[in-house]
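Per-chain numbering from 1; labels A, B, C and D assigned in written order.
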């Protein structure tokens, strides 16, 4: 039984604590830390059976009984805590992105060089039933060689403008999942990026220096071409689709719904909207990614999402931003760490 | 080039005249007759290039240049005109049903015994792309042995009450197509029928002695069970579906629509309603059935819908009515001609 | 926090124990009993945190700290244990069917008369997301007055022949869920039943005196007509669909799948098969039904599936069997307790 | 009744001749010309009732009884014959593209300035039921302001390599329809183009200096972004889809099939492939575009596809080619006539 400490008791930290308790075999959460730990969260943690509740995450790193940590704190702290945890010889599961700063990611990579800890990045969508089905079809050769990859990723609503201002921009905040998905579905790297982006949802986003609508084209190392279309606001809900087209055919996934109900009336034939909220849509993926992290520790095997898998989407996001700024295709090799 | 005379210039007669002119190879309409031939219809016929326009269908039967007739007159005249046409040595395509009176159908069968004419009955739905696809899948063995057949057949709206009164009842007027479909999809005969029927759409239909909603269960000669559900009014349009389930799987067809458009908004994910009108839904089948009739004449082969195919659904409809009246399963063998 | 004892540690007992532990708020399993309690099950129970593990369920009934029991033992013991539990003043959740013997159900009803315990029957499909969506659409008036109800319910494979022999027949063993569904979706009672049934899947089932394929027509108290089609074996998986058609339109649900993946190749455009196994298909419904049972106890409100809801499907099943045997429609009023 | 002469009796010329004869009201084909007129085509034309059959199209232009011509000759002759026909005062329906040479298109525009003839370009897909449904939804405001347009257009198989060599390149030969579709669906012009293209289907296409796989991003005058993905070969058939996403939602169309049949077996749940051949897929659009051309002549109204609608996709195609060659986004204003 692995003992896990969770660093950060915000929304995603709580999701992980609950999903480990109820769904992850061979692991238990024995400690949680958050600088803003309050009464409600303390009660919630106790009810879950978490024994040690801290305001300072360093308490977790000091605790020899803890095998692994989940870093669920704010993005700007991910890299530094990663380095500390690695030095404390804890296995690390770090929420995405590791950092918006390539130098910080480099520091984590350096720290890992001298260590034996497992380091997994939280690209949970890789563990979604739909995207896994696409990947499996590709891996099984059902669609032959990959020619075209298409990802549609649209949020149900734009985040608060205060969040937009500190988000690092849409590519680093939102599209980063889609950049990872391109790599996951194709098992190939991105070589060049061209981003067309604009602000059509909310002018306040433009005022904050960001965009809310984009189409990003990527040339891949395997010769295929990929395209992502993003919007910060789809009125019909959270739109999460993917297609991979190849020499033998195509595999496509569309959205999940609450039920398969279809109502036919004089108004039309109406099915349900996509699930609206990302936690609802991707809930199963959170327990699955941590289960595989635990498995990799116990079996001493490679983690399914490596530090390089954490790095690459940040590089692509930075290339996309440069492309947007300079209105030209940008090579990933132009982005230096 | 076969010369065809059309007897009856009502809606279906006109449909056939136009579809032969534009879509049926090796045949042309050279005469049309209708007791109520008016100026508008005469003009329409002339524009189609029909040379002979009569009020008396006997003119068509007398014309030696005519090879075949399409009987599109009112249902109560189908059988008598069929006998006359057979005696005049014309090949006959007769709209369904041949007659609501089994004795009349017997007279046609007798007339055919001493003749060499082709006699085809107008069960056009057999030539619909969807139902053909079901039949083909069954014939190709894709679903194995047939276990269960399900047909949904719902009109978009109830007919005028004056029509209901002379229609012969829902089973003979509407379900007759579905009874034929059961035989067509299974290549098997119906042995026993149980009908549950009621009036839920319009009380005027009940006052007229008819029903508007029914579920009819049939035991087939091949051991399978079939079920039809009918309504005189589906608010969302003309609902025409079928499923055949067997030892290896199932084939199912659903409705046709004007387009594949799906609109996703905050209200839901809405596709188009089924095509509303039977002529729109089944247009292609009218030219196809006549093309095959023409083919059978030219090649001297069996017609695709025989006089027995015309008789059997009438027998089933009568058994269904008896079942409804007596609230018990009725054997087809109980229905005597 | 309600203390629950589970009587019967077979497949369904284990499902309930796990789902209560992980998903049901305000309740915990503190005891479990099974006459064949073995080492493996004991270990499983301990790992779940269940403190008391018995071979004799009477130990549970004696324990004053236990508020409610789940009866998950073999069907023939449901009624007797129900009566004992009621007398021991335990709230009861009883797996379906209460009994195949109407006299036994009557005994439970009698016992309930003099008690204040809650008694819920385990028709879990009422708590499935798809069937709930149908019911909600009906309740919200979206389809108007109900005219036709259609349920397709086909198992992925026939049960072992030894099970068939003691199952009470397909109607009591399998269709009973569908009979309940008709009542649930329509909020109406069944008045008359006509069953057409046969053996097409496996002749051994016929030798065991049972059928494996059926179409059952029901007339409802609200004037609507319902039809169920059943097969013991659908090669493509567990086929669970429903349609309710009414004066304003139709609501329909189809099967759940593992993913939305569609693969298009030269072979066709292929989606996933329905989920194969009933536990996979209906897993969420098990925690939901028990959650509502717990809720009803705590809030002292009516349970969502009453003893009468447990009785009615047994009456319908018996009428269906009588209909099959006598080949005639049978009134529910003909079935006497 | 309008008299029409058809110039060019190849595949598309024959399609128009038949569809006018059978489906276009108020028009008849009275002449057809083709330099390679042979016995078979002559017989075909006579059977259709076409009176005048020529090898020299100038005979048609000289014939005063002819009101309009359809130019269905080889692409390189479209512009010159257009100018001649305009000068001969014939209304002109010209197959797409008018020319691959912008100077030639300019000559046609010049000729039109001094004339009263109607000039329509053959972008038939505008008259397809699916794409019309998208356009209608957009025009009716159902999706609000347009943000993202996505078009998937993949041929079922690559053309012969000899054809590829003279085709003008994939953008001018194939994507040109999709460029027109972007303009049609959005009622907006393209301002800037970025094309990523490669050769993945057949290396012979690369040797011929062309590509077979592409993703083209466009910035539109209305602020929206559009993306087209192309392949010369989709193993599952002719893939023709479109989506328009906006502030209120999305409208999407997918492929047409021969039937709605879905076969469920142990192998999966399989629907039909898209219609394979463009003539099968778009047949109705050919009669519709000519019907509207005839209508515009008779009513003296604007044609639905103007000379500018013919020019713009050529400009976009040329910008796309320049983008591909120079690997940078290209403004349409960079392309000079």
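Throughout what follows, contacts are C-beta pairs under 8 Å (C-beta built on N, C-alpha and C of every residue); 3 or more make two chains touch, one makes a residue touch a chain.
Computed from a predicted model, the values in this text were never measured in an experiment.
Between chain A and chain D, two chains of identical sequence, the interface residue sets overlap for the most part, with shared numbers making up over half of the total.
Farthest from chain C in terms of Cα centroid separation is D. Centre-to-centre, using mean CA coordinates, chain C is 58 Å away from chain D. With each centre defined as the average position of its C-alpha atoms, the distance from chain A to chain D rounds to 43 Å.
With each centre defined as the average position of its C-alpha atoms, the distance from chain B to chain D rounds to 40 Å. Residues of chain C in contact with at least two other chains: 234-236, 248-250, 264-266, 272.
Judged by the touch criterion defined above, the protein chains are all mutually in contact, each touching every other. On the chain A side of its complex with chain D, the touching residues are 144-145, 147-148, 150, 152, 154, 194, 196-198, 200-201, 213-215, 217, 219, 223-225, 227, 229, 231, 233-236, 239, 245, 247-250, 327-329. Chain A makes touch with chain C in their complex at residues 22-23, 129-130, 132-134, 137, 142-143, 248-256, 258-266, 272. By the touch criterion given at the top, residues 234-236, 264-274 of chain A touch chain B in their complex.
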